[in-house]
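Look at the two complexes coming up: chain A is in both, with chain B in one and chain C in the other.
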Partner chain A sequence: MSLFLASVGFGLVTASVLAIAAVGFSVQFGVTDVINLAYGSVMIASAYVAYFVNQLGPGVSIWLAMLVAAVLGALLSLVINKYVYAPFQRRGMAPIGIVIVSLGMLLIIEYTIQAVQGTGNLSYTMSQGPTLTFAGLILSGVQLAIIGLSVVFMVGLHLLLRYTRFGKAMRATAADRTLARNCGIRTDRVVTLACLLTGALCGISGTTFAINLGSFGATSADLFLVMILAAVFLGGPGQPYGAMLGALVIGVITEVSAVFITADYKYVPAFVILLVILAVRPRGIFNAGAIG
Partner chain B sequence: MSQATLFYLANLLTYGAVDVIACLGLSMQFGVAGISNFGYILFQAAGAYTAAILALPPDTANGGFQKYIGGWGLPFPVPLIGAAVVGGLIALPFTLLVGRRLTGHVAAIGLLVTAVMFNLLVTNFVPLFNGAAGLSLVPQPLQNVFNPQSQTYQWVYGAGAALLALGTYFLFRRITESPYGRSLRAMRDNGQVADSLGKDLLSMRTAMLVLGGMAAGLSGGVLVGFITLWDPGAWGYAETIVLFAAVIIGGSGNHKGAVLGALLVPLGFEEASRFIPSSLGPPGMIPALQWVAIGLLIVGFLWFRPQGVIPEPRRKVFAWAQGRLAGPRDGVAGPVTSPAMSPPAGEAATPRGGAILSTEGVVVDFGGVKAVDGVSLSVQRGRLSGLIGPNGAGKSTLLAALAGSVRVAEGRIYFEGQDVTQMPTYLRARAGLVRTFQLASEFKRLTVVENLISAVPGQRGDTFRGSLRGRRYWGREELAAIERARELMERFGLIEYADTYAGNLSGGQRRLVEIMRALMAEPRLLLLDEPMAGIHPSLARKIGANLQQLCAEGMTILLVEHELAFMDEFCDPVTVLAEGRILAEGTMVELRRHAEVVEAYLVG
Partner chain C sequence: MSGFIRLHSSLRAAAILAVGAILLAACSSTTTSNKITSGAPLVIADLAPFTGVDAALGGFYEASCLAATTAMNKDGGVLGHKMTCATFDTRGDPADAVPATNQMFATEPHLAMVIGCTSDEAASVVPIINSHKMVMFCMTGQSEFDHVHYPYFFRLVPPDLSESYAMVAIAKYIKHYTRIALAFGNDIGSQTFVGPAIQSIKKAGLTLTANVTLDLTANTFRTEAETVVQSHPQVILTEALGSADATFLSEVKQLNGGTMIPVIGTSATISPAWYSSVAGAIGASTLAQNYVADNLVTATSGPEFTPFYDAMQAVKNQVKSLDSGSLATLLSGPGAVHLFDGMNLAALAMIMAKSTNPSVYKNDILKIGDGVKGAVVVHSFAQGKAELAKGKAIRYIGPGGPTSFDSYHDSPGIFQVDGYSPTGQVLVLGGISTADYRAVQ
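Showing the complex of A and B:
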């Protein structure tokens, strides 16, 4: 039983990392209409930047570095969308073509990092904090911080989408860009801001992912991308709340099966869930309608 | 030339042939049929593993240093055949899994994920194929008879592989240039429309997945027989991207392009890096930059030259046919009589009048919104009937429901006395119930004449088997179909555009192509959705007269149109639809007297 609880604890941490990533992915897809398979590589690029900032001096905390990573993730996402995906879309390229372009971007970003960094793995310099026990769950301070951070982001995003003009404009743009523009929403600006926002989430999730992993390399996020896709499609693409729920389910299932099946196959349930959804209900299980 | 160079060239020949076979399979799936199989590498891996375990002795041999299933020690060419067969067989579950959704980008991601998952499973499950270490010491074909290390063996192997590649090329070209290949390209350009013209998408996609899978499997078998080892590192998801890059860069929809792409990308890249000194930069930098370059090439080509180095050729079928008809006979030309030539089936026998199609309380429900709300309609045989109504009345949805493109929530549809409510679109089309679309729906990368003859039902060459039998088998029928298309193109004034890509025509011309194409399908009942949109009024009147003539000859037409003058002149009876229900029915003269109709639609 304690083993199960421990794995649930790990699952919650993974789910928290996954939630930030999946919500960013899902909102980005909703607003830009791109299934961005390069998303995981942007996460890793951000994690690398966080590493360099972290290594600048002994006093530079990883949490500070994370902020820099968020900025880089935001800028990189914006640039990729504005100067790569959007021009292709304006030419009327089919979604499948854009997916192929995003695979090209994935290779470019990931292997540029590897060319610079080599194939070795990196680790942040940081303290894990005190170990805390709570209702049978054993978590380190860092893990708790990740969970807390994720909850803060989820609540923040909820407030943003529900109660701000920008949030509403973003939901309108995701639902129907042409209609939104005709209603006087400056959709180009909304798309730009949404790319920055989701890119920042991507950067933060990349850093938390790297923290949670312990050590990371250029291609570390490849399998994680499948988990993101599983969470996103489980919740219905473009659905931030669906992605949160999907992240929770996928994160916990993955870590629990790491203990009860074996760590080698821990990603398999996420794979199988994703495939079943794609085959049976590609619009998601929790999908209720438009974004938000 | 030194021994080493000769050895190297022999190697190159085999590698090149393997890449060509693999790229041809993908070119068939992606370039011709429009199936984005992101899991393609899985099929190559399946072929390689199959060939390996068929050729290897039981895993207790060699001191049992590797574990694997099978190990039958079978002689050449069994492993190679097994590789192709298994490559094809494992395609079948995919068609069951994703079915009719297979072309979508969502399905493509599903296939990518499947390939990644199987790689993970094979890597971690050692008893299957020796896990991450992979299989080694795979026996080479006839290695007991000849010395595999010899120069001659290497060259013969390379020549054999090249022959297989050549055979694959000619086979695939034969299929692509047949009427069946044209149907594949039509499916690629617009699946929904191909479906509405009676093409069985599921069967075509299955055939292409299996055929491409066989090519991939064969390439894997040839490769493993040469390099004698195979491990999960050889077939990561990125390897699929390399093959896609090859097809895109070489030119998709064109097997010459695939061959060129195979020689440029997988082979060229692999070899070019050999000549870069490895001391350059930190370890692993050169391979990493190779991947970056492939990514850049994909994005760059898709932007600057999406058609690839060798673009898909425009098939000047009409010019070819004119040459054949004018020139001396050589077994293909001849009297142009065939089923394709005959007028719409059965109109002489069927009596005039009576309903050809009737519906009972048809409801189409879009998530709670009833776009069509209990429509009971009957379409009289041999009449040019009209369907009008304000925007959003459900006219197009009703047509789509009749043709089978949207699902009916309630009610029944009878066509020629048969209940077709559950019948798939393509079967309704084959039964003679054909629709056109409100939005432009020409097959863009088919010429005008190809668009037309793609719709001819029951062509001998429009089956997988028929396509294999070559032009001698289907050429005569093709000429007959082109002859019929010529008459139509002359009547509609598009003859000079016969060999032009339909996608390059003006909006009005494309509508004409669509009408002509529907007529080529020999419909008993033709459903036309706003056919006159974008067409000059004088031409519209000419078309109207033509349609009337066709009805007099036995066809039935139901036509949605906003232009009431057209309805006044040509359509009788006319049904008025409003808010998903039938408001009134009658001649336009009667309808104009009907207060409710005038209020709902005719005024304003």
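Showing the complex of A and C:
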């Protein structure tokens, strides 16, 4: 029982990291229509930037470094969308073609990091804080901070999408870009700002991912990208609330599964559930067809 | 729907292309010519993972190759040929290793020998290399090579089951632990330790508290770590490369209230990459206090060590993955030491046989390694070459110590106990007696 409860706690941490990444991915997909597989490599590139900032001196907090990583993630996402994906889209490339282009970007970024930085693994200089035990859950101070950070971002994104002009413009652009433009929304500007916003989430999720991992390398996010895709498609592509729920389901079930089955198969039950839900609701749990 | 049909057509086209490429790769590698152009540089192929979770291995073998070939070239090369290194990436996966091997034979007409072939890919590539009649020194511990005869296969590292026995012997007789947990990666190379370790723990009368498998691509191992912590082991036997052990052990430390459970690693954990990632995750001093590993006896000073040390120093700036700290670790790492010996053995065998043809020189590897009556003991390529020029028989003993090949060309060696200093230097902490080792077999 205690191992089960502990695994639920671990699942919440995994879900928190996953939620930040999956929500960013989902919103980006909703606005740009690109299944951006390079998202995982931008996460890792941001994690490396956070590492270099963190190593500048003993007083440089990883939380400060995370802000720099967010800026890098935002810029890199914008550049990739504007100078790689958008030109292909303008030429009328099919969505599957864009997916392959994004796969190419994923490999280019990963191998560039590996070529520059080598194959070794890195760790941030930081304290994990005290380990807290509560009702069978065992979490460190840093893990609680990650859960808290995730909740703040989820609430913040909800407020942004529901109550701001930009949020509403993003939702309108995701629902129907042509109609949104005809209604006077500057959709190009919305796409640019959405890329910056989701890129920043990507940078933050890359850093929290690396903090959570303890040690990371250029290819560390490969399986995590599959989990992001699972969370996004479970909730419904382009649906940030769906991505939040998907992250929770995938994160918790993955960790809890490790209690009951051989740990190296712990991802299987989560994906079986994904398949079952998609069989019943092919467009995901939140299948309204537009953001929010 | 039309999008779905387009996807279907695209996938079909991609599948046809992929099958075509596989067929082309398969057809390109049925024969190898051993005709070496006079004076052309001879190539030592480093066939190992350069990407993927075991990516660090290829780079370290490359360091050893550069060191060995630089020393050989400084001394005039082999039979008028300069020696050079080429790298082929297996990604640590048989599916990628087989095409890489075929590419190696297709693109390297002056191939002299192969090094690397780790446990990740050995089962797939050794038969191919052997069918091309090419000498190989492999870094695999897989037990199938204990009893399957490949005439061109040589191994200077112990079978994994021997290492499992050595780890259990350390736990029982040197550290006096009675409760052991196992945590090994889910790759082929790591999983081969598990079965023999469980048998050995039972034979030694110890208690196996937990046995967890670590998915090397996973993002966290907290539930696995908690499973281990709740089983209250006194020690964890482990090998999980990439970032897996770093993540797993840091989680064990956290879930054990900030106190590290001692660890016994395999010889593969004596590597700069493993040290830097684990030390970064749990702290260098914590690692130094709580870690030992089995390793083959290797020289750390004296005439066997000096030529190796000098050779590694000479190339350290050419290898990007090496800094001064990791070089210190590498000097005791099996990947560097035993491959360095293997390359020297093969090069001296070529000179002795007066041929670069593996079919001709491979038997002289055994003579030079094990020695014949009246052989002069040499500790470097230069010494060996000089003695061969005088018409003397030689026995090469390098930093990895004397070899003793069995009929399968395995030279398992003798085990010692190593540890790390807080700066990453490998320390020899003691030996494992033959009696203790046999008691847990």
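Definition applied: the second predicted complex is superposed on the first by the 276 of 292 C-alpha atoms of A that agree within 3 Å, B and C clash if a C-alpha of one lies under 4 Å from a C-alpha of the other, contacts with A are read in each partner's own complex, and residues count from 1 in each chain.
In this text, contacts are C-beta pairs under 8 Å (C-beta built on N, C-alpha and C of every residue); 3 or more make two chains touch, one makes a residue touch a chain.
Just so you know, these numbers come straight off a predicted model, no measurement behind them.
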- Query: For the overlay on chain A, clash or fit between chain B and chain C?
  - Reply: clash
- Message: Touch test for A:G30: chain B only (first), chain C only (second), both, or neither?
- Response: neither
- Message: With both complexes superposed on chain A, which partner does A:P95 reach: first (chain B), second (chain C), both or neither?
- Response: both
- Which partner does A:G235 contact after superposing on A: first (chain B), second (chain C), both, neither? neither
- Message: Just to be sure I read the superposition right, which of the two partners does A:S215 touch: chain B = first, chain C = second, or both, or neither?
- Response: second
- Message: On the A-aligned overlay, A:V268 touches which partner chain: chain B = first, chain C = second, or both, or neither?
- Response: first
- Which of chain B and chain C A:G199 touches, first, second, both or neither: neither
- Message: Just to be sure I read the superposition right, which of the two partners does A:Q114 touch: chain B = first, chain C = second, or both, or neither?
- Response: both
- Query: Now for A:M105: first (chain B), second (chain C), both, or neither, which partner does it touch?
  - Reply: first
- Of the two partner chains, chain B (first) and chain C (second), which one does A:G246 touch, if any: first, second, both, or neither? neither
- Item | Against chain C, colliding segment of chain B, chosen among 171-179, 225-233, 441-449 or 549-557 | 225-233
- Residues on chain A touched by both chain B and chain C 94-96, 111, 114, 118-119, 222-223, 264, 267
- Message: Show me the residue ranges of chain A that touch chain B in the complex, using the header's touch definition.
- Response: 35, 37, 84, 87-88, 93-101, 103-108, 110-112, 114-115, 118-119, 218, 222-223, 226, 229, 264-265, 267-268, 271-272, 274-275, 278-279, 282
- Within the complex, chain C is touched by chain A residues 2-3, 6-7, 10, 13-14, 17, 94-96, 111, 114, 118-123, 128, 131, 138, 140, 209, 212-217, 219-220, 222-224, 227, 255-256, 258-259, 262-264, 266-267
- In the complex, chain C residues that touch chain A: 3, 6-7, 10, 50-53, 55-56, 59, 186, 212-215, 217-224, 226-227, 230, 242-243, 246-247, 250-251, 254-255, 257-258, 272-273, 276-278, 280-281, 320-321
- Write out the stretch or stretches of chain B touching chain A in their complex. 36, 97-99, 101, 103-110, 113-114, 116-117, 120-121, 124, 237-238, 241, 244-245, 248, 281-285, 288-292, 294-299, 302-303
